[in-house]
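Data block below; observations after.
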Amino acid sequence: MGGVVGWLLILLAPLIGGVLYGMERKLKARMQRRAGPPLMQPFYDFFKLIDKRPMVVHSLHGYLGILHFLGMWLALAVLLSGGDLLMVIFMHLLANSFLIVAAFSVRSVYSQLGGMRQLLAILAYEPIFLLAGVGFYFLSGSFEAKAVFELSSAPLWAMWGIVIAIIIVMPAKLKKSPFDMAEAHQEIIGGAEIEYSGLFYEALYTARWLEYLFAYAFIVLFGGANWLLGLALAAVVFLLVTLVDNATTRLNWQQTVAITLGLSLPLGAINLLLIGIQ
Amino acid sequence: MRLERFRKKSPWILHYNAGSCNGCDIEILACLAPRYDVERLGILNRGNPKQADILLVTGPVTHRSRDRLVELYTQMAEPKVVVAVGSCTCSGGIFRHMYHVGDGVDQFIPVDSYVAGCAARPEQIIEGVARALEILEHKSHEIERPFQLRGPLYCSGEQTIRRQMAAKVSDETN
Amino acid sequence: MIKQLHIPLGSQHAALLEPLRLDFSTENERIVSVRSDMGYVHRGVEHACMNRFDFKKVPFVVARVCGLCAITHSTAAVLATEQIVECMVSERAQWLRMLALEFDRIHSHMLCLAHVAESSGYEALFMHTMMERERVMEAQEILSGNRVQFDYATLGGVTRDMDSQCAQALLAKVGALKSVLSGLRDRFEANWSTQMRFKGVGAITLEEAYRLGTVGPIARAAGVRTDIRIESSHLPYRALGFEPIVALEGDLYARNRLRLEEIAQSIELIERILEGLPEGAHLSKVRGRPKGEAMARIEAPRGELFYYVRGNGGAIFERLRIRTPTYANLKAFEAIFLGQEYSSIPAILASLDPCMSCTAK
Amino acid sequence: MIENLTLFLILGPALLALVVYGAPRRLYGPLVVLSSALLFSAALLAWLLHAQSVAIALPAWTHAAIVLLDFALIGYFLWVGVRQNHRLIVLLALLQGALLGWVLYALSAAPLAEIVVDKLGATLWLLVTGVGGLIAWYAVGYMRHESDSPRRQQAFVAILIAFLGVMNALFVADSIELFFLLFELTTLSSFILIGWRRDAASRLSSLQALWMNQLGGVLLLLGMGVIIWQGAPLFFSALLESQSGWALGAAAFLIAGALIKGAQMPFDRWLLGAMVAPTPVSAILHSSTMVKIAPFMVLKLGVLLHGTPLAVAVAYFGGFVFVAGAFVALARNHLKEILAYSTISLLGLMVMLSAVATPLALSAALTLILFHGVAKAMLFMEAGVLEKLHHAKSVDEMGGMLSRAPMSVFLVLLGFASITLPPFGALVGKWVAIEASAQSAFLFLFVALGSVVIALLYFKVAGYMLGKPGSQMGLTIERIPRVFSVTTLLLGVTLALSAILIAPTLVYLIVPAIEPFAPGSEIAHKGLTLMLPSGDLPFWQIVGAWLLLLLLPLAGLKRMRRVDRVREYSGGERIEMQPVTFYFPTPRWIVRAMAIIGAIFFGLIVLLGGVLWVA
């Protein structure tokens, strides 16, 4: 991406992410045969949350939530400005680390369990994303997202295994069934986000939008120079993830780690081996 | 921009059963289901007082649950509204004057909207919530406090410490 | 080094419809011990029935013990009381009571299934089940005039009679439900994630089920052939002719399947009741005051519901005792929880279908 | 000038140690600070002045001294073995003696220089004297909390300082004969220091460390034997110049010996046993300096290995240890054990990168060696502070440490962050590592998996420290003795500053050191922007991440005035909560399997050495 378009996207990221999140909620509701909330619902929530009386457990906890949002934005900026893909993933880890530290810093079992499960979710998806970064490197000779967007043949075709692997771990990243143990509303009531309220919860809420945009922007990379193909792929993955979210129960952490790592890591590795041979 | 407008558009709910017979609770659950689908109004059931705007209470408030109710209420950020769902929640109903019952939620916390009925029907519940939302739109950010089982509210400078707002959940009440 | 974590669940929790508190000690997330506290909803209904309410009002009061199985409470109270007052209940009234009970069973089982789905994170299935459940709620409304607390059973019969038009409407409702049941069953059983999540989870063995005195679907799912509908003769179930359904595995998966099969069975029973409904008055007059003691057993959706009443000729009962199915099952909860992952607990708890307001009264 | 500085850096510590040991009690603290400062300024000066490799020939009598010392050391080990009735040690000492005798017998006089000061050596001096000096200073404060007599405390610190000279010499020794002596001296010092507390556990651990390191010595001697057999001179520089198979064989033995010193699996036990020693021992010997011999040796010989099956074997071995070490550490409970295992793990990564031996990989390896040294030293020192001031050794006891020791916890978190998060040096090293290893098949898979497991490990431990038990109390800033706070803060500031200046640091510190081994490193910088051939790290990303990470403690100190404080949600109840995190027990068979795999790799390396030698 890069250039003016990239920076414009970065600036408007929360807006686009919000719409994306709204679309997801709407789509999910339609799949459950409900009317669902209006498309702009995330923004209504956004403005309502600003309006709430601010309340924190301790000030560090509140700050960490805001830092999580800023970190997520930074990670997204690195991605959209065409930066180094490995650094993108590390920045994302940085953003998440704030949330994890925040989760551990309060005296709430659910929050701490959430932090722990978030760590395990990272264990589940992070290697696959690093794998994808190396896959792009094999094709473009560079780790930069910029270079991927100049690939004339879409990486999708060569990196089929990695694409499937990423689709498998996508629910873990977006906290969707079947790998949404980190959030697990019925067990730990949102996990890491449980102690946040009002303005500070809003930081997490919007960080969630950015996370959506981040994940799907990563998928767009697989289209290479043909960004329309990339967008189409992202749309398909979006549908697929929502569909799977609507058709599965939540698995526990052992199952999640076993499935994601046991299935997608070998798949990605084999794919990479094939690319390497060529 | 008037932010108050948006309170109405995204009310998040906390549901607490304070000794109800389950009748109203399952009707609240039915509200979430596709037939009544309250999410189209932006309503989400959060199950977490800190992120909730509306407290839906069912039940006449038994002695065991009253301080839990107050505790949850004080953990909600203002502006907030309370909806009493069901006859027994409004006044104690059939359980009124039973020895272990507190005769209605409004004995403990300020209630904004009453939904009568045994059990309250989903349509009634939605209407009650809608009425509460009208009130929510005009509420200020002042701290609202429970009537009974009130703990101290410390202020140091501009900072309010609302940790002790509810009286302790003590062993005596168990 | 092994360190135990303490995970509390409740009293207010997103996975709970009713206040109840469980304190788990876990190793990682595996449960090693559990303490429970169930008394949050105690209102003193038994006490009130022995002090404040006329015996004629008691069926309506005990219906408020629990909204989910209100009709079973009032029916059981009525069946017990009718044994110690002068009263002739018509055959038709008995059949209508059975009808209401079966509707109640379906709606309760469906709620339980929906709750299991929700608690295991399968939101779409929760929505689906709740949507289909609305048919039963409507049927109950057609039958009695209200969705949940419908005070249908009363001393001497039932409060409302049913005409043929109403019967047709009910048949249409259950017919529609029957047609969607297989789809529901598919989503519960043929899904890879539900199989991973439910199979072998929250299991109880046949021997344990006997030893711990479980009742209802929990016992039947473990292979105990117990069903008060054919064991007692308070209601003419034997005329309908049916066999209790039994599963063997005793796990969450088996309980789900058992409930789905019982729903199908209840639909069948409803159809038989509506076909063979005898003519007669739906309500007869009750004379005199309760004197002596009596008991009634009834198969509530959760298992055996037991009522004991004693009157001394006054308008108010001398003693009223309710023993609810969840109370009987409580002992088994701990055995079921131990060794499970904390992440399965909400689903297991939902599938045990505890009714705290029944238990605490 | 360089020659004099070199002499000072090698011999000075021994003299300074004598002074420190003999100094009156009152003066010894300042003296330690002074010697540390002297040594570091000498190293800094040497680094600044260093333009090209300088060869220093030692006078002939040093040969005799080296031989004498060698036999004295072996004799001492033999005596220890006999006295402690440890057959393995006796056996290994005898073996070493025989081998050494044979090597010396076959040795022809060597005309080459004995010490070659290259930029790599000068850079590593910075690490040894900088971090080592601070640790010595820290040890002054630490030993006050021990039950030792003042004299013994001074002896302890003196040994630490003398040890710095050994390390300084080790990194510039060109003569393998000299290298062997220094290697044996490090063995001796770890034996003495691990056994410092003189209890049963210390005794066992020190004996274990001794025999394992002796085995390393035997392997070194075997490598020397191979060289002698071919009649080649016993010098690294000569070894590097010969392209024949036997040189590879010798290199394999030398590397195998060094890997034992680096506690690579299956020889990880001795480093773990080292945690019974006073914490400065762990900090100086086992995290920041001594164990670095393993990657250093591979780095030095990496060019020779490049493109051979031996390099592949060593690289995969390193990659395996990286993942396995991190995995095993997950199950550990003592903070020092966790740190030790993560050291082993990261050493594996450095070994792997050194074996890959492209300019980029070598730069990554050196970056990791330096920044891991700084971070680990700080972490160990903080572990010592927590142990001495707060009596917490195991992670369980550190529940809610934040409210009691915010300063220490902050520094521990900084140390963790510096290894796992951008823009810190170690993470940038890892980043370069992936970019470098991506070129060679599947090594990066190890890097990817290992770094995630390490992140899991560190955040798990951080979770313990952050979770607050009991009632909600404000932070109480603890009183830390100035020795502790100054030394650790200095390291922390180094980490923080080097993070924002990472691009110039890499270009001016790392690249020149690597240049002689693998010319053509393509690391460049433009302002704060770091540029690699396969991708840039623009300044705004570095600054952004840096601000985020440093904004946090600053903002956290400022209390939010107008925001209500509220209690945590607990279902309406009020409960006293203990902090919780998971533990990941490693089943016995996995540990065993890992040791076996490590042993197989290790055997493979030695076997390859043998085969290459014969071929």
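Which chain is which? They are A, B, C and D, in the order written, and residues in each are numbered from 1.
The rule is short, and it goes like this: a contact is a pair of C-beta atoms (placed from the backbone, for glycine too) under 8 Å apart; a residue touches a chain by one contact, two chains touch by 3 or more.
The structure displayed is predicted, hence computed values, not measured ones.
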item	value
Chain at maximum distance from chain C, centres defined as averaged CA atoms	D
Per-chain CA centroid nearest to the all-protein CA mean	A
Euclidean distance of C-alpha centroids - chain A vs chain C, Å	43
Inter-chain centre distance, chain A versus chain B - centres from mean C-alpha coordinates, in Å	34
Centroid spacing, where centroids are CA-atom means, of chain B and chain C in whole angstrom	28
Separation of mean Cα positions, chain D and chain B [Å, integer]	59
Chain C residues counted as touching two or more neighbouring chains	5-8, 11-14, 19, 29, 127, 131
Sequence positions of chain D contacting 2 or more other chains	472, 559-560, 562-567, 569-573, 577, 580, 582
Numbers and ranges of chain B residues touching at least 2 other chains	16, 34, 47-48, 50, 68, 72, 77, 143, 162
Chain contact topology (line, ring, star, complete or other)	complete
Chain A partner contacts - residues on chain D that touch it in the complex	402, 413, 417, 420-422, 427, 431, 434-435, 438, 441-442, 444-445, 447-449, 452-453, 455-456, 459-460, 462-464, 466-469, 472, 534-538, 541, 544-545, 548-549, 551-552, 555-556, 558-560, 562-570, 577, 579-582
Sites on chain C touched by chain D in the complex	1-3, 5-13, 19, 21, 28-29
Chain C residues touching chain B - in the complex, by the definition given at the top	11-14, 16-19, 37, 39-45, 47-48, 52, 60-61, 64-68, 70, 111, 114-115, 126-127, 130-131, 133-134, 137, 146-149, 355, 357
Parts of chain B lying in touch with chain D, wherever the complex brings them together	16, 48-50, 68-69, 71-72, 75, 77, 143, 157-163, 168-169
Interface residues, chain D side, partner chain B - complex	472, 559-567, 569, 571-574
